[in-house]
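Should a chain be cited, it is by its letter among A, B, C, D and E, assigned in written order, with residues numbered from 1 in that chain.
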Amino acid sequence: MILTAMTLFLCAAMIGAALFAVLGRSLPIAILAAGLVSLVASILFLVMAAPDVAMTEAAIGSGLTTFLFFFVLGRVRRGEND
Amino acid sequence: MPFDWMKIPYALLTLFIVFNFGMLLNALIQKIGARVGRRYGVPIWQNYADLIKNYGLRSSITHGVMYYLGPVFRLTGGVGLLLFVPTIYGSEMFSNLSFAGDLILALYFVFFGTLGMALGAGESGHPNAAIGITRGLSQVTAAELPFALAVFSVALQYQTFSITDIVAVQQAGFTSWTLFTNPLAVAAAMLSFLGSMMRPPFDVVLAPQEIPIGPPTEYHSSYLALMQTNRAIFPIAKIVLYMSLFFGGAASWPVFFLKVFAIYMVSVLVGVAFPRFRVEQSIRWFLIWAVPLGVLSIVLV
Amino acid sequence: MIKRVIALTLLAGLGLLFLGLLLDYRPDTDLNLSARYYAERTAPDLGAANIVTAIVVTYRGLDTLGEVTVLFLSATIVGLVLALGRRRGQAPAGLAPVGELLTTGSRMLTPLILLLGAYVFVNGHLTPGGGFQGGAILASGILLLLLADPLRHFSHGLISAVESLAGVFYVAIGLAGLVWAGGFLDNRILPLGDLGALFSAGAIPVIYSLIGLKVGAEFASMLASLAETEEL
Amino acid sequence: MVDISLIAMATGFVLILIGLYGALTNGNLLRMIVAFTVADAGVNLVLVSVGYMRGRTAPILDSAVPAAEAVARIIDPVPQALVLTAIVIGLGVTALMLAYAYRLYEAKGTLDIAKFSELKW
Amino acid sequence: MVSALYILAAALGAAFLLGLLREERRGLAYGLTLAALGFMTWVSATWVWAFATTALPPVEIFTAGTPPPFAINLRMGMGEAALTLLVNLVGLASALYLKETLLQLGRRAMAVLLIAIMALAGLILTRDLFNLFVFMELMAISTAGLILLSADSRALGAGFKYLIVSQVVSVLLLIGIIFAYHVTGTLNIDGMAQAPALLATGIGAIAAFLILIALIAELKPFPANGWALDIYESAHPAYGAIFSAASGAAVIFAVDKVLPIGGAAWLPVATGVGIATFLFSNLLALPQTNDRRLLGYSSVGQIGLVLAVVGQRDVLGEAYGFIAFGLLVSNAVAKAGLFWLSGTIEQRGLTAWAVLRQRPLALFAFVTFLCVLVGLPPFPGFYAKWELARLLAGEGRMALLAAILLGTLIEAGYLFRWFGYAIKREPEAAAEGPRMQGAGLATGWNRALPIAAALVAAWGLGFLWGDLSGRGNLLLALPLLFALAFLVLDWLPAWVKNTLAIGGLTGFFLLTWQEYDPLRLIFAAIFLIGGSVILLASYETKGRRIGFYPSAMLMYAGLVMLIRATDAFGFFAAWELLTLGSYFLILRGKHSEPHALSYILFSLGGAFAILAGFALAGQGAVHLPLDGLAKVAEPLAPWVFVLLALGFMTKTASVGVHIWLPGAHAEAETDVSPMVSGILLKAGLYGFLVLLMSMGSQRLHGVELTHVLLWIGALSALVGNLMAVFQEDAKRLLAYSSIGQMGYALFGLALMNHLGWLMAIMFIINHYVYKSMLFLSVGGVAKRTGTRDMYRMGGLVKLMPLSFIAVLIGIIAISGVPPLSGFGGRWITYNALLDSEVRLPIVILFLAGPIAFLYLFRLIHTVFLGQLKDEHRRIKEAPFWIVLPQMIYVAVLLVVAVVPGLVLRHVDNYLDRFFPQGGLEWTGTVISSNYGYWNPISIMVIVGVIFATLFAWLLFVNRRAQPVKQFNIVFSGERPFRPETTHFAWNFFAPYRKALGFLTTPLATRFWEGITDLLHNAGDLVRRLYTGNGQTYAYHLLAFVVAVYLIRLGA
């Protein structure tokens, strides 16, 4: 039951973060929120007995992807609010 | 097939009779026209005099070969038409050269002269000739249509294209004439007849008043003589066709003269009574009045 | 506004579809055909303890080769895209200078991170993790270096050599399987060894290591390509 | 009691829809890409949840799960393998889109997708 | 043979190896790339060879030493081998084509190209669903990469749009795959398709839906395909070639193999999506002005067509592969070739292709590709189309067949319009500055080679498909080979080719004339001997006359094959060949571009009606002999009749579908007009003869169909004649007259009695003779005067007496005035009419008769009589070679007039076979029917004697007359209101127009213009869908998915 409760919590967090990522005003924060979605997902993967996936999601989905975004964001500053 | 050479003198005899009859008839009709218009009119031999004079004249100018051909075509058309139709029913002597073809030949040969005349006049280069030609052709084609329909209706009725056979069926008596057995076809044909006789109200083609007389303007002397000859022969030849198809034909010369005169008079009387049509008016007139009659006659026969 | 309404309508349609999936979904209680096969046959046939790794590297090795190729392709194209732009780009705003601390720290940390990455992919057939995770970790090491010294020039030659060699060897091992074992990417060209030992599971650790190197190199090259855009 | 795989799956679907909504309504190239990563995460979640079976462990054979008992003890490994691939491919595509976005920005100085419609009809 | 895996391995290995090379070693890298692609091609080729020559079963390739479904497996069968060969070849050729670009961009670009090709091969080979997904992603990403090869800066945007769409697609696909896996426990495609559980469950059905819809979305279905068009427009043409030829083929193959997962219910969906895409893409292509975008629309459409075929595989049986591959390779070869060609042309407008005129070979390649694309014989698409129609009709899927044919027609419309631009238009204003020769052209051997390869492939595949069809290879047919030989001999001077052509035609006639029955013999004589006579006029043209002889001989080949055809296929093939040949011929005219287009469109439309008719008649039977039409049973027979008649009517230009004729015939070259009028029109009548001989009369809803034909014939006669009366252009006048004449002939055939047919035959012969003669005559006049407007001529009789005689004789003959041969036709007509029961149509026919007289008179009068124009004073008679055939015709007309029995007698006897009653009696010189009689010789003699006598007399009497010059006289009676109206010949029959002009309202023209306008406007409106916004495209995709889902729910 703890597992379920935890899952529910994680899911709620993910949806919240996802909404933030999509609807949020600030682009950097949206990127961070998307990274957060991935991060929370990787925790959920652990819960669901998928450690390989969890590691990959954490490293690639939330880590590298977010970095890539910021790399590019840094170069397109002016277009951020287009 | 051995050819009966006697047919040639016989045919020439027919031609001679018809020519003279036509000359007199034309003069008579001019006279009637004049009297209706309260004029005195020409003497009855006037046409002979004109003709002889014209034949006697010699021309010094020509516009070219086609120019010659116009009158030649014209008269060939008239003579040919006459010869292709048997004149007197039952008479071997006056059946002319009708062995060459049947009703259809006659129907199409009517155009021969028209075509030639138009070509010849065209050669002259006179603009009025061209105007006359277009008017003439337009009107003739429209006028011929009801006639063609009526002819076909008659052919349908008798199931033959042979003129002799058609006349033969009508010999049973007055009431067996096509006039009474197929009145619609006859009506259509007679309306067409008015148009093709080049008399008022359909004579704008010749238009003696508005423009200097159309095609014949350029023709004179012997050319004109040929055309005058034709004017004596061609109407009669045509009337023979009408008579054979619709009015029981003629078994003897007196009947022939009578019937031809009567039929000719129809067009004359109408012409005297009505004002002239413009060409498009006459085309419409034929299409509205004559063609439906022809169509009906074909459908109902 | 209309845009949003249409979007919502369309997504509602899609959601309906998903709802259909969700409502009818019954979790399996037993392993299905394939999963049962993998559970039973992986250890004896391939000698790998991590079944996921066995599937990724061997059973569905062609997928993984494709996947590596996807990364290769992405890295190449990113390079291509940015290289094309480089001919006539304008100077972007430079990043703020980085502190001494980060520079020093990164220099110390990077070797450790690289080591960790290597560990992860070498042990991929035994424990969670493998070439992709390890490769990502390797790349993060490079990233750190980049962050510490944005103007640092990377040896593209090195990265691309690693990338290429790893790829070529990967394909070569695959072909070796075709020639000497049961088929393309068959891991049994090398002895299977004991289940759970480091040197076991045939060619899986080798392949996974190559994958790790290659993935790391791809990420690195991607990052490097992006980083170099600001030099103008 | 709702199975956690169902919860995760539902969440996955919602993430997909949210992601697509974002991609459909945001005109900014970068925001579209962000939205797609959210959708990708949702897809991964759905995939993993399909493999999940209650009360079983990860498909790794060790002392806790000996090979002989594997059939009864582990969860389906296949979806996990697929997700691994999917994640990496997702990154590849994202990187590519980012590079494209950067170049598009360079070319036109804007990130508004509506500005890149010279090709049409 | 090497394992198919080496195809993938070689590409990957080479791609990875490229990274080891330093950037500077680009030449080496390029060599490695080519070597790898060459190796891949070789591997595929060995497989194709093996499958083709031995009965090898498909080979399964396991990976990881584990059998499927537990490991990924690949399969190599005939289909896979052929497709990978196609993909690899296109890749190799494109790599060659891209030499400069690749060398400039370096090894990375080469690696991307290699992987792109590898991905396509993998897509074809794999049998694993998830593996398919991986290859699809590879394809998508490499596509995004290869778009960058383009120098077009807009390509970047297109790439991004594509990425957006592929993201959405992969989301759907992944969800679908995982749930399908959940239900079936396997990822193997075959395993999944066989698992009964999949479709039984709601989840399974939705999963299958998602998988299939995602795959179909990759096929660029309408309307979710805006991104693809943007790619086509902006990508490098070499990539366009890959994208169209290779990617399309690979993905459609993937769909084909995954489709069984969805079960039978998905077949109609595939068909529906495919056909909608086909129709709409072609519709949208109509208003395009950018060549590559146009090709893009066409590609999308073609793939849609193949998808529709894929959806029909349940009924196509063994022919499925033949059809699907036929269409696929047609598109692939043609599109690859066209895209490569487009790379050699600098500007993007359609008219820019006019620069191809400087390179006959490239032009030949262009037209070959267009024909391949439309599916004209002898190319694969033609055979495929035939089989497809046959099988679809056999299953009663006529609506689908109609949609396919309609789409093809629209496609032919824009493609041939484009060809017309290339042939006739001037390229848009050339780029600034003086340019050296070859302006607007960029070529090198590496660009020419792929194009040449595609050209060779097109013909080779045509041969192959002909061989596989089991119907007799068209490329082995002697007449066609003879025609094609002129392509090779085109460098010879025209007179040599002309001699060859005449020799070939007469030679073929002499060789084969005994094989024909009297009816066919007449057509054979007209086509071959008649054709030779007209060709005499072609000696007039000097120089080499590039392109004329192949076109003309193609038409003649088609005509010959038409009368020699014994089955429906042969007939249809010949029909298309002659259509094509005559189209090229017509297009040669100076201002004929729009007319040639409308000609080919009407002809193809008619051809498709014929195709549908034959297909319907055959009911799926493999062979349909022409006399087998007689056996078609009741509910179908009238429809078959209608379709075939419709097809033939387009060729005889019956009223309603006549609008192509006047322009096409009038604008054609001097010696071409008689060919397309005097000869080509007879093909339609021949079709009618075949139809009526085998099917007789049919009733549809109680309406006697031959009766309808009667009406159409009569109306054609009337409208044709009436329109002719009002033409100012002499050749147009003759052209309209043809409509009328064909109307008569059709009327005769439709009378369905002995004399009616005899009348039609008479018209066929007469029309050939006098229309050829008149066209040559008028053509000669036009050549000398430099105009075809009659009011600009006049009085030419003295200057061109021979032409005048020809026209005069022709006119007397046409109008039916005795004593020439036209009268015989009229006489038979009347007798035939009397023999039949119909009444009202006769009236119309009668109305038409005198009108014919009018326009003919106008022709001769305004051209030859009246006033000579000042500027024509020094004109000479028409050239010898143009006059010569006319004189031959005059002689023929006179002979036929005197002894019509020469030909007619045999036909008359032969017709007894069909109509034992109502024949003619031939006693001596008299010809008699049941109703009347006629003696041609007597008529000739009598008329001749009277005429000669009078003429001689007149000449004698006026022997001293001198010719006078014509003079100008002021006008009276007609008020001039435009300069040309001051000429008396202008508006010649003004009263007639006033009275009857309303009948000539161009209703048919307005109708067809309305249709084309409607299509154009619809296309223009619908294409606004493609806003160019990548986001909108994502909307389209989702809307497409949801719509298909809802439709499926509803169904």
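Everything that follows uses one rule, which is that a contact is a pair of C-beta atoms (placed from the backbone, for glycine too) under 8 Å apart; a residue touches a chain by one contact, two chains touch by 3 or more.
Note that the coordinates shown come from a computational prediction; the quantities given were computed from them, not determined experimentally.
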Omitting subunit A while every other chain stays put - resulting connected groups: one piece
Distance-maximising chain from subunit A - centres being C-alpha averages: B
Pair with more cross-chain C-beta pairs in contact, given A-D and A-C: A-D
Farthest chain (mean CA position) relative to subunit C: B
Distance between chain centroids, defined by C-alpha means - subunit A, subunit C (Å): 19
Inter-chain centre distance, subunit C versus subunit E - centres from mean C-alpha coordinates, in Å: 54
Distance between the centres, which are taken as Cα means, of subunit C and subunit B, whole angstrom: 106
Shared interface positions of subunit A, touching two or more other chains: 51-52, 56, 60, 64, 68, 71-72, 75
For subunit D, residues contacting two or more additional chains: 5, 10, 16, 20-21, 24, 27, 29, 40, 52, 58, 60, 78, 80, 82, 84-85, 87-89, 91-93, 95-96, 98-103, 107
Every chain pair meeting the contact rule: A-C, A-D, B-E, C-D, C-E, D-E
Contacting residues of subunit C [partner subunit D, same complex]: 3-4, 7-8, 10-11, 14-15, 18-19, 21-22, 25, 27-29, 31-32, 34-36, 38-40, 42-44, 49-52, 55-56, 59-60, 63-64, 66-67, 70-71, 73-75, 77-78, 81-82, 84-85, 89-90, 126-128, 132, 195-196, 215, 222, 225-226, 229
Parts of subunit D lying in touch with subunit E, wherever the complex brings them together: 16, 20, 23-24, 27, 29, 32, 36, 39-40, 43, 46-47, 50, 78-79, 82, 85-86, 89, 92-93, 96-97, 100-101, 103-104, 107, 113-114, 116-121
Contact footprint of subunit C on subunit D as seen in their complex: 3, 5-6, 9-10, 13, 16-17, 20-21, 24-25, 52-54, 58-62, 67, 70-71, 74, 76-78, 80-82, 84-85, 87-89, 91-93, 95-96, 98-100, 102-103, 106-107
Subunit B-touching residues of subunit E, taken from the complex the two chains share: 794-795, 797-798, 808, 811-812, 815-818, 823, 826-827, 830-831, 833-834, 839-840, 842-843, 846-847, 849-851, 853-854, 857, 860-861, 865-868, 924-926, 929-935, 938-939, 942-943, 946-947, 950-951, 954-955, 957-958, 960-964, 966-967, 969, 971-974, 984-985, 988-992, 994-996
Of all residues in subunit D, those that touch subunit A in their complex: 1-2, 4-5, 7-8, 10-11, 14-15, 18-19, 21-22, 26-31, 33-35, 37-38, 40-42, 44-45, 48-49, 51-52, 56-58, 60, 75, 80, 83-84, 87-88, 90-91, 94-95, 98-99, 101-102, 105, 109-112, 115
